[in-house]
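The data blocks that follow each hold one structure.
Two complexes come next, and they have one chain in common, subunit A, joined by subunit B in the first and subunit C in the second.
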Partner chain A sequence: MDIGIIHYIFAALVVLSVLGILVTRNLLYAAFLLVLTFLGVAGLFVLAQADFVAVTQLMIYIGGVLILLVFGIMLTNRVAGQPILTQLNRTVLGVLFSVALFASIVYLTQGFQTTEIVAAPHAIQRLGMAILTDYFILFEIVGVLLLVALVGAATIARFKGEGHG
Partner chain B sequence: MTTFLFFLPLILTNAVLGIYAERKISAFIQDRMGPMETGKFGILQTTADIVKLIQKEDIVPAAADWKLFKLAPVIIFTAVFSGFAVIPLSGAWDGAGLEIGVFYLLAIISLDVLGILMAGWGSNSKFSLFGALRSVAQIISYEVPLGLSVLCVVMITQSLDLQEISLSQGLQSPNAVYLFGVVKSMDVSQWGGVFAWNIVQAPLLIPVFVIFFIASLAECNRAPFDLPEAESELIAGYHTEYSGFRWAFFMLAEYGMMMLVSMLAAILFFGAWNTPLPNMGVVKLADWTTGAPGSFMSYIWGVFWLLSKALIGMFMHMWIRWTYPRLRIDQLMNLSWKYLTPASILLLLLCGIWRLWMIA
Partner chain C sequence: MGNSIYILLSAFVFSAGVALVLTRQNVIAVLIGVELVFNSANINFVYFNALYPERLDGQFFALVVITIAAAETALALAIILKLYRTYHTTNLDEISSLVEE
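This part shows the complex of A and B:
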């Protein structure tokens, strides 16, 4: 099969699942449809020869963020005792904004130059070298930021009972 | 690229024989006979069970969310099966050959958590939901020491590609292999066999393997970490409401997962498809049990050694399941966060030092 066709299959997967998220009222279905979106985007990354980014997408978004999301929905669902349904608010404004966003993206991408996708040899080694040399400060700052978030989350979630500290 | 033609039948037969082995091993450990009626020594017992399962009615509970309920087993099995994509079977028979093999493997098997959540939620049963929540908490916690222990191996072998990791543990190793990694006067590159295995090349990996093994038990939801399906508390956890062939899918995925992590352990620590027998002078055991690179015999030997190592790993999983009692949920979390994670971070540091001083 031609690579182009596979590309459109993944693109269709992304678009259809996002439409599904938009249409469905059940928050849990929306979360599971988001999995399909992420998988489709990961597929597009693979076709763009960026397999490291694709797998990172799987690992962080599906393996981490999304599972916590579903976890949260499930726990709050149990508290409320009924499924959480989303509501339609400010339809006109929403449509206007999304059309404007879409138009600006289309306008901006007109100026892009397209090139042939080339697989980079030893991409992973070069990525590692780049992160630990050229972008070292940024890498460390992101690390410290994540650590701060982690400590903050642990502090907020800490059990505050007496004598159990 | 054609390894899936081997792995799909393997997963199916592995589940059939694995369940039979599990019952026989548990029987042996508990001083029983195990299945004895169907066929000689009960060898056809699982086959008969499968025939029964296929005949059963496909029941979906009335109050269940049927979309999620029906999809869940498929997702779990798909996640486990896609993990096999990057496993190399012999020197010439590579999997998908990704540069980021191990990373992909760890990412894709974390998808089965989604299937477990779907099953637990879709069943609309308290037991299922409790099982799913426990399972997810456990798998997410144990992914941390698992990932870190894999990272130790990656650091020492300097590659994420499973085929490169395999190649560096045998006669075809591109680097010189020293005895235990530290005895520089003894170049054992020509010995091959067990001396080239990662765990012998760098004995620092022995505690790393222990952490990897404990974490992989938890990833498979196997005892002593079988809280998600703890039968004495939760009936069967997240697959309480399943029956018939959908339930068989859960079993297929569980045994597939055991096979996958055992193969991963074999590849990362025990020389992958390389022979354990070394060359000794004129007795060229390693050459005899490897076959010339690319020849037909090299395929056979590669598959044979990898499968043997994986099956020993599965046997250890079963042995532990029937020996140790189940952990409590707080003990489980303590073990992961207070002991395994700090220990694996420390080992990661030591592996880095090892790499800099011993090898470079």
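This part shows the complex of A and C:
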């Protein structure tokens, strides 16, 4: 079977789930459709020779970010037995603006010379070496940023009365 | 041969994220839109890296974007919980003041 058709299967998965997120007003449906979007994008990452990024996407987005989002939805809606809906406003203007944005990006990128994706041998080993040599400073800075952000999040979200926050 | 499927998909996901941010009133729906925008940037990073397989900048920056998206989500949800405790709503149009009224 031609490998190219798998690209289109994953791309169709992403497009359909994103359209679903755009159409639905139910927040939980949107969160679960986001799982499908992230899965499709991870599949495309594998096809673009980025195995490690795909696995990281699965672990952090689906394992972490989505769980956080579902927790946020559950914790901020007290009504039981009813679907959790979001209200819309500026619908026509927003949709028109984003359609124009899509059309202009597609138009402006028409001239790109794209080549075939070729296999990259030993990509994960090379990425590991590069992270600990070429990109080491950036790697450390991102680690410190993540630590500070998580400590800040815990400080902000803590209940009143347990401290001075 | 026009655009690659990756560029088209990235443009589509980006526009959908912007549409979500513009049209939704719930804070968490806006956050979902921001996640889509992050993902479209990542698609571009990984695709253009795949065109130059001897370099790894694109893949590394995709990892950085994923990390920063995780930190941003954690902070945003902490702020949303605090807002919900103060205002008892997550509707953006009703949250317009920084201090308790």
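Points to keep in mind about this one:
Here is the rule we go by: the second predicted complex is superposed on the first by the 149 of 165 C-alpha atoms of A that agree within 3 Å, B and C clash if a C-alpha of one lies under 4 Å from a C-alpha of the other, contacts with A are read in each partner's own complex, and residues count from 1 in each chain.
In the analysis below, contacts are C-beta pairs under 8 Å (C-beta built on N, C-alpha and C of every residue); 3 or more make two chains touch, one makes a residue touch a chain.
Bear in mind that the values here come from a model prediction, so they are computed numbers and not experimental data.
By the touch criterion stated above, A:Val35 is placed in contact with subunit B alone, subunit C being left untouched.
In the superposed model, A:Val53 lies in contact with subunit C only, and not with subunit B. In the superposition on chain A, A:Ile5 makes contact with neither subunit B nor subunit C.
The larger set of touched subunit A residues comes from C, when the choice is between subunit B and subunit C.
Of the two partner chains placed around the shared chain by superposition, neither subunit B nor subunit C is touched by A:Ile137. In the superposed model, A:Ile62 lies in contact with subunit B only, and not with subunit C.
Once the two complexes are laid over each other on the shared chain, residue contacts for A:Phe71 go to subunit B and to subunit C alike. Residues common to the contacts of subunit A with subunit B and with subunit C across the two structures: 52, 56, 64, 71, 75, 123.
Contacts from subunit A toward subunit B in the complex involve residues 28-29, 32, 35, 51-52, 55-56, 58-59, 62-64, 66-67, 70-71, 74-75, 78, 122-124.
Of all residues in subunit A, those touching subunit C in their complex are 7-8, 11, 14-15, 18-19, 21-22, 27, 30-31, 34, 37-38, 41, 44-45, 48-50, 52-53, 56-57, 60-61, 64-65, 68-69, 71-73, 75-77, 86-91, 93-95, 97-99, 101-102, 105-106, 109-110, 112, 114-115, 117-120, 123, 126-127, 130-131, 135, 138, 142, 145-146, 149-150, 152-154, 156-157, 160.
Every residue of subunit C that touches subunit A in the complex is listed here, in rising order: 1-9, 11-16, 18-20, 22-26, 28-29, 31-32, 35-36, 39, 42-43, 46-47, 49-51, 53, 56, 58-60, 62-64, 66-75, 77-82, 84-85, 90-91, 93. Remark: subunit B residues 67-68, 98-100, 103-104, 106-108, 110-111, 113-114, 117-118, 121, 129, 133, 136, 140, 143, 160 touch subunit A in the complex.
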